[in-house]
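Think of it as A, B and C in the order they're written, each chain with its own count starting at 1.
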Amino acid sequence: MSQTITRYQVVIGIECHVELKTATKMFCGCANEFGGEPNTKVCPVCLGMPGALPVANGVAIRHVIRAGLAFGAEIPAFSKFDRKNYFYPDMPKDYQISQYDMPLTLGGEVKYWREDGTMSACRLVRIHLEEDTGKSTHAGSGDGRIAGSSFSLVDFNRAGVPLMECVSEPEIHSAQDAVAYLEALRRTLLQLGVSDVKMEEGSLRCDANVSIRPAGSTELGTKTEIKNMNSFRSVHRAIESEFARQIEILESGGRVVQETRGWDEVNGVTHSMRSKELAHDYRYFPDPDLVPLEIVASDVEAMRASLPELPWKRFERYTAEYGLDPKQATQLIDNSELAEYFERVVTASSHPAQAKNFVLGELSRLANETQTPVAESKVLPEYLAELIALVEAKTINSKIAKDLLARMWEGAGSPRSLVEAEGLAQTSDPAAVESFVDQVIASNEKVVADYKAGKTNVAGFLVGQVMKASRGKADPALVNDLVRRKLG
Amino acid sequence: MATEIVERSAAEIARDVNAGKLSAREAADSALAQIDAVESRVGAFLTPLHAMAREQAARVDARVGAGERLPLAGVTLAVKDNMCLTGTRTTCGSKILEQWVAPYTATAVQRLIDAGAVVVGKSNLDEFAMGSSCENSALGVTRNPYDLDRVPGGSSGGSAAAVAAFEAAVALGSDTGGSIREPGAFCNLIGFKPTYGRVSRYGLIAFASSLDQIGPLTRTVEDAALVYDAMAGHDPMDSTSIDRVADLTANRLLESLSGLKIGIVRQFDTRELGADIDEVYDRAYHDLQALGAELHDVSLPTADYGLATYYLIAPAECSSNLARFDGVRYGLRVDAADVQAMYEQTRAAGFGPEVKRRILIGTYALSSGYYDAYYVRAQKARTLAARDFEKAFEDCDLIACPAASSPAFRFNAKSDPYSMYMMDYYTIPMSLAGLPALSVPCGWVTPPGGTRPMPMGLQLCAPIFGEKLLLGAAHAYEKATQHASKHRPQVSEV
Amino acid sequence: MSTEKIDVRYVAKLARIALTDEEVDRFGAQLGDLLEHVNRLGELDTNAVPATAQVVESRNVEREDVVRPCLDRETVLAGAPQRQGAFFRVPRIIAEK
């Protein structure tokens, strides 16, 4: 199979639906919250009651524009809402307020990085804003699927929640990259604060268009649309499975049928969702209940200027400037509080390598042990920077630094004060160190004899004894040097 | 005594109730008594609201007693049954909503209640406001109070009949292509459609969202102004409601038309309507001149395309607006094995033929492959309609023309849909342009084969936001001509 | 403009209205007549004319993102043709969205 695989290239486009984080729904004042007792977060507007009218949520509009800007999209000066007409029981008005030909953002790209640290990008077609539907539970069949169910139960709490649809170009070529794309999208939206982006709660939902073509070809093959993937892992598995299925069809002389296929998590296959549904004719037209949007260029510029540093830029900075490996950089980017802590330590200490070692090493170990996030610990970034400065100045050695950090974690405060109060500064005065060395040599005649007889490995023991005599404060390098010199 | 109260204008009632000379309860009781007396012949209401009216009247009396002065204190109000009123059946004259009880109140209705109005009932209409005679109601027959063998007009036919038959002092209607103005003309009333967006549509069950507008049907221009003043203005619940202060109109009514330029539309040749009718309009235009207006010949070159434009745009919007009547959340459901069949059977049983026709034509006009040819072209024609008026208003302050091409006709007189659509020929262009327009009584004709003189309406139209001038001028014309009082309704004859 | 015959059955399917054969014929004829009339719009030169979706010139009408009270659930379900507990119940759905 693997040889066959290399003869084909998979072409993937991803369509994401992201529920936006707002206090209220898209077109009414009902709370936008996940879950809750069925049919309790509804009003005449989101229930599509006769006579009710929509009024757009400005925060949701700005969320989409910010997302677009983060991906480098164009923000057209004019946008509008359209009605997408189709009947479905969990869609209250039997049309969805959406955007057809004038979405809020056009183009742009999602930059994503792979595990090996290489950076890639996938262009976006557009991002538009629409309203979510309610939820249908299919009953009477036992497995919750439509097929075989005898009736459905509808809850409209989710109906009208602001939903951002983000459509990529078909230019992703592996399941790994598809997941990396989604990770980057998720990180960006999370950082912008426009969504919780939780697949398990449905605030991020994605479909993948998958087609294959002979390696080297530039034409697109017939695509299938894969639905019902509810984790990044299932996205990965579903794409791999669909890739293999399409190869098998072509290899056996068949043709891929353009259709929607559902991912079956349990059996690890996609299955056809072909239905008796009429050919879709959504009859889009401008929603006469809503007025058009004119996006003011200066507002857009202000929003662009206020964008935070984006994850991909941070990734580049961490790896290129701070020397983090891709995994470490990703780890920090995915833990924004830790990253912020890290950045403050770097700023205060001007020493990214040490900052990384402490933050991702000893400090993270302590955090895990005590179940306390680093950012909430008593080790203020300034204290850690002090500690790093002490180590860098060779005022203390790493052993003392580790001990001090443990005490700082417990609330001991400034390491510099501790070092001063307790006289923990490393002894680098050659005369003082020499006196310790002389003492140790004098009181260990046998060991010295062994050394001179050729057992040079006992020098380590003597160095240890000197360190002990100095209560750990002697500069280990200096001790080492002096011990060897004295032994001749 | 009762008769006397019900025939008073809203302005008189409010004045007397505020002055403590009349209680809102008395005003309500007399209207309810009139409803009980004439309703079996008129059929204006789908749901009379005796108990609610008495409660509301008691609240008005309490407020007035506490020192409040309410612009519509004790004014009895009929509400077209496509407007929501909490706790009342709101049917749209359709079987699909026959049992639906609204859980909220339309903004316009609430504003009138807050201003002291007392709702006496929900009035009949052509199903979902689609029609020009009220004959398309699935739930009742409404008769013209001036000739019970004739239609009251539509779609706000119940509202018009209620006010004409003294069952309410004023009424709310909705006008999409003429549905206030035409029944106003047929029932000897002022039928006033404000500028699109002046009155909130929140709670008005949509027919065609970009055209629908709520307005009053009243027996005097002053009453129309009072009702308009109480309900016009921005509503945060309606994105299309105009966010600017609406001029008050009731205290700006004119006594003369001197200095005003009134345009007479070249394309609307009233000689085509027959000698009797031509004479009525000829006389009306002369009366305008006699009141000091300067008449100008103006042109609306695309007016003749108004009907075609309207019968694409309105059905397209309606096909989408009425999708929600699907048997899932409220209203009628016809049970079926699966949800598709349930939709199809429910909507087949719930909608009448006119509604189905419009949903079908609108669905077709929006469907793939036809959208540009029909819907977009109609929207472009709509731009031309608006430009026609802009150009015309460079030469005049108001436009005068017929409100309808004939007086009220007999039941079943318009058997093919198209001849019924033609009833809105003179009112549609203003709707397309979103302009404020009203019909005011302008004379009487006895239709061929008829035995009773029937009222005709003069339509006056102003530029956008021109309500103050429109009502002011209509008042001057009304006061000088006094056409409305020349005949009494058949239903009030002993 | 198109003068082809309207496929009433297809349109009725899209609009989810069951029609009898008699209705298909009657509506087909009536809609044909109406289309003939609206086809007159083809006489207008609209090439350089922008489309009017709305006559109001408002832009950017927005609501503040502030929570307002919802309807009481019993009120929500009061009009339901069929309910089951806190849910609206509908017959078998035969197609995915």
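Note that in this section a residue touches a chain if its C-beta (ideal position, glycine included) is under 8 Å from a C-beta of that chain, and two chains touch if they have at least 3 such contacts.
Only a predicted model underlies this, so the values are computations on that prediction, with no experimental measurement involved.
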Could you name the chain whose Cα mean is nearest to the mean of all protein Cα atoms here? C
Pair sharing more residue contacts (C-beta pairs) when A-C is set against A-B: A-C
Using Cα averages as centroids, what's the distance between chain B and chain C in whole Å? 24
Report the inter-chain centroid distance for chain A and chain C in whole angstrom, where each centroid is the mean of the CA atoms. 42
Cα centre of chain A to Cα centre of chain B, whole Å, reads 58
Give the residues of chain B that touch two or more other chains, as numbers and ranges in rising order. 100, 103, 210, 236, 239-240, 319, 323, 326, 328-330, 339-340, 343, 363, 367
Quick check: what residues of chain C touch more than one other chain, meaning two or more? 14, 16, 53-54, 56, 58, 61, 63, 71, 76, 88, 90-95
On chain A, where are the residues touching two or more other chains? 44, 47, 55-56, 87, 89, 152, 154, 156, 281, 283, 288, 290-291
Of chain B, residues touching chain A in the complex: 82-84, 90, 92, 97, 100, 102-104, 106, 201-206, 208-210, 236-240, 316-317, 319-320, 323-326, 328-330, 339-340, 343, 363, 366-368, 371, 375
So in the complex, which bits of chain A are touching chain C? 22-24, 27-31, 37-44, 47, 55-61, 80, 87-89, 133, 136-138, 140, 146, 149-156, 227, 260, 262, 273, 275-278, 281, 283, 286, 288, 290-294
Flag every residue of chain A that touches chain B in the complex, lowest number first. 44, 47-56, 83, 85, 87, 89, 92-95, 152, 154, 156, 281, 283-285, 288-291
Give the list of chain B residues in touch with chain C in this complex. 99-101, 103, 196-197, 210, 236, 239-240, 242-243, 302, 305, 307-309, 311-312, 319, 323, 326-333, 335-345, 347-348, 351, 353, 356-357, 359-361, 363-364, 367, 370, 373-374, 376-384, 386, 416-418, 421, 432-434, 464
Name, in rising order, each residue of chain C that touches chain B in their complex. 1-2, 6, 8, 11-12, 14-19, 23, 27, 30-31, 33-35, 37-44, 46, 49-56, 58, 61, 63, 71, 75-76, 78-82, 88, 90-95
